[in-house]
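Here is the structure we will look at.
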Amino acid sequence: MDTFKLVRPEHLNHYGYLFGGFLLKWVDEIAWIAASRDHPGCRFVTVAMNSVEFHKGVHQGTVLRFHSHEHSRGRTSVQYAVSAFADDLESGQEEPIFSTCVTFVNLDESGEKMPMPGATGSES
Amino acid sequence: MDTFKLVRPEHLNHYGYLFGGFLLKWVDEIAWIAASRDHPGCRFVTVAMNSVEFHKGVHQGTVLRFHSHEHSRGRTSVQYAVSAFADDLESGQEEPIFSTCVTFVNLDESGEKMPMPGATGSES
Amino acid sequence: MDTFKLVRPEHLNHYGYLFGGFLLKWVDEIAWIAASRDHPGCRFVTVAMNSVEFHKGVHQGTVLRFHSHEHSRGRTSVQYAVSAFADDLESGQEEPIFSTCVTFVNLDESGEKMPMPGATGSES
Amino acid sequence: MDTFKLVRPEHLNHYGYLFGGFLLKWVDEIAWIAASRDHPGCRFVTVAMNSVEFHKGVHQGTVLRFHSHEHSRGRTSVQYAVSAFADDLESGQEEPIFSTCVTFVNLDESGEKMPMPGATGSES
Amino acid sequence: MDTFKLVRPEHLNHYGYLFGGFLLKWVDEIAWIAASRDHPGCRFVTVAMNSVEFHKGVHQGTVLRFHSHEHSRGRTSVQYAVSAFADDLESGQEEPIFSTCVTFVNLDESGEKMPMPGATGSES
Amino acid sequence: MDTFKLVRPEHLNHYGYLFGGFLLKWVDEIAWIAASRDHPGCRFVTVAMNSVEFHKGVHQGTVLRFHSHEHSRGRTSVQYAVSAFADDLESGQEEPIFSTCVTFVNLDESGEKMPMPGATGSES
C-alpha cells in the first residue's frame, strides 16, 4: 500500500526541517491502516517499532510517499515494513528517507491477545 | 494515485459523524499532491472545486481511500478528479462516498498564470 | 450571521497562500452554526456544497469575514449561502473572495430524514 | 463585533467539558481581530488579560457567541471587552459564560510602542 | 512541578510572536496536571484565572519552562500559581515571562462541588 | 529533565487508546528540548531513535511523565535517554510505559555536522 503526505509549515522545527517525531507518528498510523485493511475484523494495537535512522533533512513543501507491506506474521501479531521516500516536486526525482518495521498485536474486545484469523502456530 | 486517511475523534462532529468540511480539506490537498507529482516543476494553486454531494455518513475508525487522476488539461490549468471510498474494517468491504473535480492553475514566481509545460493551445 | 477567522501560519501552503481546503472546512462549519442557531432542535448533517471558485490568493494575517444566511428551505432540508470576504488590515478595505451554498438535511435520533419544524410541503 | 465557535471533541477534557484554556485562547484571538479591524494600520500585540471566572461547564456541541467591543483607549494601547455566551441548540436559549478585558499595545516595525492614530494624550 | 513547551510555527501570529492565547491555554492545562497529581482522586475543573500581563514577546524556537505549585486551598477548591520562563537556547539564559494563579474546584461525579480530601473548614 | 503531557481525546485511536505515534512524536520533541537546554548554542537535528516496545495501553485522561537525560556523547552528536511513566490520577500510582534513546547531531548554519563544544575526540 502506498500513501502520501505533504509537509506543511505546522510540521517544521524552527530551523525549517520536518520534525522527526511527525515522521514516526505518520509511520505508525500508515502501518496501522495497511494492517487493518489487509486483515478485516482484526483489532490492532501498536506494540513495537524498530530503530530508525534519518539520513536526510526534509523541507517544507516536500511530498512524502510511504510504502508499507506485511513483513512477517506471528500467532497473535503482524509486522509491517514501512519505507518513506521524499519527492522533489521541481525535478520529479524521489529519494529514500528511512524505513522501519512496526509490530501490531491483535486484541479481542476485552483487550486480550487473540490469534490472527487462520493462525495455527504457537509463537506470539 | 491512491492515498489513505483514518477518521479519528478530532474529525467528528458531536453526533459522531465525520465533518463534511474535513473531507473537502483532504480532497483539496490530495488532488494538489497528485497534480504536483504528475507535473514536476509546476506551481499549482486551487482555483475551483465542483459541487459535491455526501450520500452517507462516515463514522470514526473508518479508513478512507482517495483515488485521484488527471481529468482534463487547459493551457495554464489542470483538472483532477478525486473519488473517496469508505472501507469497513470489519468486513473489508469498500463503498463509494463521493467524488468531485478540483481545478488548479499553474503560476510563475510572481503569481501570474503560466502555460503548462508542453502546452500549445490558447484555452486557459 | 457574520463570523470571523484569522489566517495563521498553520493554514498556509508552502507558497505562503491559504490552502483552499481550509476555506471549505470553515464554510461547512460556519453554515452549520448558522443553520443550527436559526432552527433550534434540528440535527443537521451536510449533504451537499455547490461548486466554488477562488479568484484571489489569501495571505497570512488576513482576517476573513464569513456572511451566511438561509437561501432556501425544503421539507427535510435547508440551504445556506455563505460569502467570504478578505479584510486588508492595513487599509481597512474588504474584498469578496468567494461564495457558495451548503445544503443540510435534518435527521432524527436514528439518523433518518425528518421534516423541518413547520414543514408542510412534499419536496425534500 | 460578534463571532462564533463550535465546541468539538478536540476541545474537551476527559470529563467531557470544554477546557478553560481554549476559551482564553479564543478570547485573545477574537479581541485581536476586533481591535485590528477597528484600527486599520495598527500592529497590536497582547499585553494583558483581566482575571476570568467560569461559572458554568460548557459541553461538546455547544455554539459559543463572543461579543467584543472597544472598552477604553490609551495613547499607545486599546482595551477590548469580550463576553462569551453559550447557545443551547435544542431550545435556542443563550446564557452568559464569562467576560473579560484584553489589552493590546500598538507596535511599530521595530517592536517599539507607537501612539495610536489620532492619539494626543500622554498616558500609555 | 516543572514542565516544558517548545514554541513552534503553529503557535505564532503573523508578526512572528507567540500568541498570548496559547500561553493561557498551556497555563490552564499545566496547572490542572499539577493539581491532579498532587491530589489523587480529585476531579478538578477550572473556575478562575487571575489577571495576566505579558511583558516580553516570545519568538519561535524558544523553550518555555512552566513552574507550578499549590498556592492556597479552600474547602472545595485549590489555587495553583504558575510562572513561565523563556530559555534563550543560544546563551542558556532564562528570563521570566509572566505568572498567574489558576483556581480549580473539586467536583463529584454528578458535577456538584465536593470537599477536598481532609478538608474541615467552611470556606469554598 | 522531567516534563508532562495530558492524554486528551484528540490523541486516541477509535478503541480509546493513545496512538503509539503520538508517544514517539512527544519523545522526539522532549529529548530535543532536554539536549538543547543542556548544550546552549548547539543546533540539534534528530538522526536516530532506538527501537521501542509499548507494553501497556494508555487511556484518555492519563498524565504522562517523561524523564530524559544525556546518555552518551560523541564528537558531533549526543544521545538522550527518555523514559515515559503513566500516572493513575485516581490512586496517584505511577507505572513505566516504555523507554528509548534519541540521537541528535549538531549542525552549523550551512547544515554541516559540527563538533560539540569542548569535543576533542574523533568519533562521530
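Letters A, B, C, D, E and F mark the chains in the order given here, with residues in each chain numbered from 1 onward.
Operating definition for what follows: contacts are C-beta pairs under 8 Å (C-beta built on N, C-alpha and C of every residue); 3 or more make two chains touch, one makes a residue touch a chain.
By chain, UniProt protein names: A, B, C, D, E, F = Acyl-CoA hydrolase.
All values derive from a computational prediction rather than experimental measurement.
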Checklist entry - Which chains does chain D share as contact partners with chain E? => result C, F
Checklist entry - Can you list every chain in contact with both chain B and chain C? => result A, D
Next on the checklist: As a multiple of 5 degrees, what angle does the CA superposition of chain E onto its copy chain F give?
Outcome noted: 180
Checklist outcome for this item: With centres defined as the mean of Cα atoms, the chain at greatest distance from chain C is chain F
Checklist outcome for this item: When centres are defined as mean Cα positions, the distance from chain B to chain F in whole Å is 35
Checklist outcome for this item: Distance between the CA centroids of chain A and chain B (whole Å) is 23
Checklist entry - Rounded to the nearest whole Å, what is the centre-to-centre distance of chain A and chain D, using the mean of the C-alpha atoms as each centre? => result 41
Checklist entry - For chain A and chain F, what's the span in angstrom between their mean Cα positions? => result 19
Next on the checklist: Give the residues of chain C touching no fewer than two other chains, as numbers and ranges.
Outcome noted: 9-10, 13, 29, 32
Item to check | All pairs of touching chains, each written as two labels joined by a dash | outcome: A-B, A-C, A-E, A-F, B-C, B-D, B-F, C-D, C-E, D-E, D-F, E-F
Next on the checklist: For a test of understanding, state which residues of chain A touch chain F in their complex under the given definition.
Outcome noted: 13, 15, 17, 19-22, 24-29, 32, 43, 45-55, 57, 107, 111
Next on the checklist: If we count contacts the way the header does, which residues on chain D are in touch with chain B in the complex?
Outcome noted: 7-10, 60-61
Item to check | For the chain F and chain E complex, residues of the former touching the latter | outcome: 1-4, 6, 29-30, 32-33, 36-37, 40-41, 63, 87-92
Next on the checklist: So in the complex, the part of chain F that touches chain B is made up of which residues?
Outcome noted: 9-10, 12-14
